[in-house]
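Several structures are given next for inspection.
Both complexes below contain subunit A, partnered by subunit B and then by subunit C.
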Partner chain A sequence: MKKRELTIYQKSISKWGWLFLGPIMAAFAIGFLWPFLHGLYLAFCDFRLVSEAKFTGFSNFEKAFSDEGFRHSFLFTAIFTIVSMTLINVLSFMVAYYLAKEIKGTKLFRTVFFMPNLIGGIVLGYLWSMIFDGFLSMFDTSVLMDSRFGFWGLIIMLCWQQIGYMMIIYIAGFKTIDGSMLEAAKIDGANGRQTLFKVMIPNMIPAISICLFLALSNGFKLFDQNLALTAGLPITMSVDGSMVKDTEMMALNIYNTFYGQSSFGHGVAQAKAVIFFILVAALGIIQLKLTNRREKV
Partner chain B sequence: MKKHRIAVTVFTVVSLLYVLPMVAVAINSFKKNTYVRSETFSLPDSESFAGVDNFVKGMTFGNYPFAKSVIYSVLITILSTALILLFASMAAWFIVRVNNLICKIFYYLCIFSMVVPFQMIMYTLARTADKLSLNTPFTIPIIYLGVGAGMAIFMFTGFVKSIPMDVEEAAAIDGCGPVKTFFSIVIPMMKPTLISVGILEIMWIWNDYLLPMLVLDITEYRTIPIHIQYLKGSYGTVDLGATMALILLSIIPVIIFYVSCQKHIVEGVAAGAVKG
Partner chain C sequence: MYHYKTKRIKTKRFVGSIFLCLVLGLLLAGCSMSSKGSVYWLNFKPESDETLHEVAEMYEKQTGVSVKVVTAASGTYAQMLNAELDKSHPPTIIVLGNNDLVSKWADCCIDLRGTAIEKELNTDSYNFYDNEGRLVSIGYCYECYGIIVNKDLIEGSGHSMDELVNFEGLKAVAEDIHTRAAELGFDAFSASDMDSSSSWRFTGHMANLEYYYEERDAGGWSECPSSLKGTYMENFKNLYDLCINNSTVRPETLATGGHDAENEFKTGKAAFFVNGSWEYDAVSKDVPSATMIPYYCGVEGEEKAGLNCGTENCWAIPSLCSEEDIQATMDFLVWCVTDPEASRKLVDTFGVMPYKNSAESRNGFLAAANKYIDNGCYIMDWATSYQPNVDNYRAGLVSALNEYNSDRSDSNWQKVKTAFVEGWASNYKEAHQ
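Here is the complex of A and B:
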């Protein structure tokens, strides 16, 4: 937004700020700003009840970092995010590559692939837990019995849900490629693979970076599906006697520290939330920097 | 072309596999409880067929009438979406047109709020909502307005910047005040964006679990996702047949919504993605 003198017209509007900005600013203060600031402060306090909060400095963060379950959830989330981000993007790119060509039935295929996107995470989790358990019960086991089942179950479920979403963005990306460029490549004798890698993909960088970022942040922040499909199970005992939920992701770990049967106070949970927030924000900034650099080259 | 014929065949097979999970829910919602796990992938036979029993049972399942959850879900989604569309479009227009210091600060706070994960604010938000008695389905839209303000304002400002000011100024010279200008001139021009943002808000709020779960008084008010979660959460052995019936019932309106405004949904998603 560049600085400029306001016209008389704009000045006449500015008197109406209380009406145009007032209501949403009040709601924003209640729904975001105050909870954020208060939460930030409470991360440095020891409390069960907010009214009894005592400032304790960084001790909550020390406890959070030394919590085996939290460390495990970070690792699990990181691996899960990398795998799901890669799979979702490769698969949805492939689907979009063909469906952008308007092959027979394209419209129907797109409709089908996108549909799971509208189903909420909780419903999705129970839907797939029926499918997985129906299959695994033939081998007398369940998705809750083995963390490998839980991990790949979550991956399959997330792919099923999000491929259609990314596909829409990739198709839009393919449609923006200049047709004459493809024709020129054809005349120059480029084969299908060369056209894809030398012409299409370089022109798709904006779409690719959007999809990578979306998949990254969706994977990292996953909660509903995690809660509904595995709820973090199975549980293993770690060496020091604390219990670690094998398929618990970071968001669920924070939730359980707040509301589950956790030996930690709410302050530690809030500290975990702050760590989580910093990670999510950092990922966003790194992603932005990387794509900016690539786009300049 | 031969190559495309192969692609069409592959996509047909994959599409059939893709809808299979939803078909499985439909099939299993007509099976007796014990058969859901043991014969998940077979059609109900005379032995396992339960008729509409699961649906009847599902209505009062979990000691909470399912119809009530549906009503609350619809109410919260419609009220919140309407509130967000109205106030976020107003704010976005004001921010772009006036652009003073307050506008700039508020705008950057909105952008900032988009990178903050919900877990960061959930505990203090639930407490604040409780303190201010915003914990009913009629008041939770105010919370949604606050939490959703960032993204909505961001998307609306992007669009308002592309609206030329000439028409508005002409109206102002003719004696049209800012409020009237906004509602009679700007709003009609914003219609496509209003639809896109509206779709995104509906998809978010309808499926949202954690926010209403933490903010609402759960013994009294449950939305559909909360209801479904509670079936499994707290009643010992779950009746899988009835659960499947409820899952089917909660997916059907979504599919109807999707089929009836598919074009807008796809456009909304494409527009929303660009903000990423």
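Here is the complex of A and C:
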């Protein structure tokens, strides 16, 4: 069989391709792959400095699982993620539904809703702590005084930050719906609710899928806002003095374990980070598989 | 042919420029690895960053030795220290100012006994030793804290400084001022906020009165005790209650923070301000009569109490550094405490430096501390430096104090006691696994 003649572009790509791929591959290997693998190894080590790690097997994982604060942070994070994911998606879908229509002022509203997403997490945390405390101080309390305030404070803040971003994805989803389908539904006499549930939502599964995934991973990985708004407070203290930070999420728990003053915490924090990674990755994969199945239906 | 030549020229240029870069790189690397060694100070106090840079520049100009000063952002020193020590060129000066840090890093620091900088010291009181007796870190300044008092306001309210010699006297004056606050135009204590910018005044300073007296009963602590007895919790409560109940703001509002205690004191809205010697520059311009009194809390014999003196400012030199860098660092440190101009700058920033040839202190609060010593009073040393898992331990205290501030019931005080006493034991256990 005659070998297909390569064009001049294909020839140069095959000759010089490595030059263009090389830097990004090197950056990926240095900035992600190596730290990731090294971090994985460190989860099985006892160390003070990364360069002097000693292999200790699974003891860090045992300590991580027996840490009541870590177990609590997992529960808190899971509940937080379910609530925030639901609220963010429902609200952003609603906003997108109205703003996808070409009504007056749409562009202004889209911009306004998107803007909170441009503010960094730490700034947002301090900003909202002032807003919440400004309000709660009228009742002689603070967002740090009650874990319910902390929980709902975090939910409100994350919704405010992320609804605009998800809205953009949903608007793009609405725009991809074929106009003739909507027209056909109208001719067939479908009412607004039927059009929404039978035509629009089934056509928007890819957008819903990506938004759910983003909200899920963002909820689980929340760190800056948690640190700035509550820093884990209030604290429940047992009679023996052991304490659990009521509004501490998993990422903050890992951070606090690592940067606690005793060096024993470093390996345990690494182990917690590995558990955290497996959890987020598994949840993400399950959720993607479920929504992919819906996409194919 | 023409194309071939152009390509060759371009290749030559390309190879040539890479070669040039390599040569320049090597030259620069050579410069930075000069035989003089270099100094790299990892500073932990953002407020002294500017002065340290000025001093570093002065030294570089005088000697040609490179001095790099890097300051960790507030509250991030521990993680920065961890990261920097693992680098190929680690800091040559680090700050190990509490027992936790010393026990964690002692084995990778040089023993400072018999070194040139140790010989310059005029006291051994602010140094940290490890379990083997090695001098790990050496105090470069010390501070004092207590209750800052506006003498003019005290006298203006019809009282005298002579009344402030024990808890009964302090209580009588503070309560009287608070009762007559509307008439006088000022209150007793400035706000005791529990947000992160202020809570350390209570969890990291006032808590010391309990530790100190407990330590004194035990004949001194040589290492962090695994538990506390809480013998002096009532005394801590005495003073804490006095602060929050006779203040410019209601205790219920303290968790939120946002009050400016320093400004309240400076503008004459409050007669007392719980803080330390580092506040002298900030308050003495507006309140020239400002002085400092001890934490009077109702302990027997407290008429002989002095101020809380100690430090968390201690230099250590990592042994991970090269011989040249260690020598350069030692020369730099000696220069810092002996050069008149440099030590003047540093003393004005830090308050006082415990070295034979350093500049005289101009800090009025430290002068007050010395006056107490001269009058035969005992120094309350900083036992807070033993707090185990310090950030975690203090977070527990803040949370409990927040609850107590909002409802000053016995059950809530019990929570403060639990965080104070049992919290110590559980954090100790966590830190010493």
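One rule holds for everything that comes next: the second predicted complex is superposed on the first by the 271 of 297 C-alpha atoms of A that agree within 3 Å, B and C clash if a C-alpha of one lies under 4 Å from a C-alpha of the other, contacts with A are read in each partner's own complex, and residues count from 1 in each chain.
Simple rule for what comes next: a residue touches a chain if its C-beta (ideal position, glycine included) is under 8 Å from a C-beta of that chain, and two chains touch if they have at least 3 such contacts.
All figures in this text were calculated on a predicted structure; none of them were measured in a lab.
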Contacts of A:202 with subunit B and subunit C, given as first, second, both or neither: neither
Partner chain(s) touched by A:133 [first = subunit B, second = subunit C, both, neither]: both
Superposed model, subunit A: greater residue contact from subunit B or subunit C: B
Which superposed partner A:239 touches (first subunit B, second subunit C, both, neither): second
Touching partner for A:103 - first (subunit B), second (subunit C), both, neither: first
Touching partner for A:57 - first (subunit B), second (subunit C), both, neither: neither
Residues on subunit A lying within both footprints (that of subunit B and that of subunit C): 50, 130, 133, 137, 258
In the complex, subunit A residues that touch subunit B: 1, 6-7, 9-10, 12-17, 19-21, 23-25, 27-36, 38-39, 42, 50, 98-99, 101, 103-105, 108-123, 126-128, 130-131, 133-135, 137, 160, 165, 168-169, 172, 210-211, 213-214, 221, 223-224, 227-228, 250-251, 254-255, 258, 266, 269-270, 273-274, 276-277, 280-281, 284
Complex contacts: residues of subunit B adjacent to subunit A: 4, 7-8, 11-12, 15, 18-19, 21-22, 24-25, 28, 36-38, 40-41, 87-88, 90-91, 93-95, 97-100, 102-104, 106, 109-110, 113, 115-125, 127-129, 132, 134, 142-147, 149-150, 153, 165, 168-169, 172, 177-179, 182, 203, 206-210, 224-225, 228-229, 232, 240, 243-244, 247, 250-251, 254-255, 257-259, 262, 265-266, 269-270, 273-274, 276
In the complex with subunit C, residue positions of subunit A that touch it: 48-51, 63, 130, 133, 136-137, 140-142, 144-145, 231-235, 237, 239-243, 245, 256, 258-264
Residues of subunit C defined as touching subunit A within the complex: 78-79, 82, 85-86, 100-101, 104, 196, 250, 252-253, 255-258, 388-392, 395-396, 398-400, 402-403, 406, 415, 418-419, 421-427, 430-433
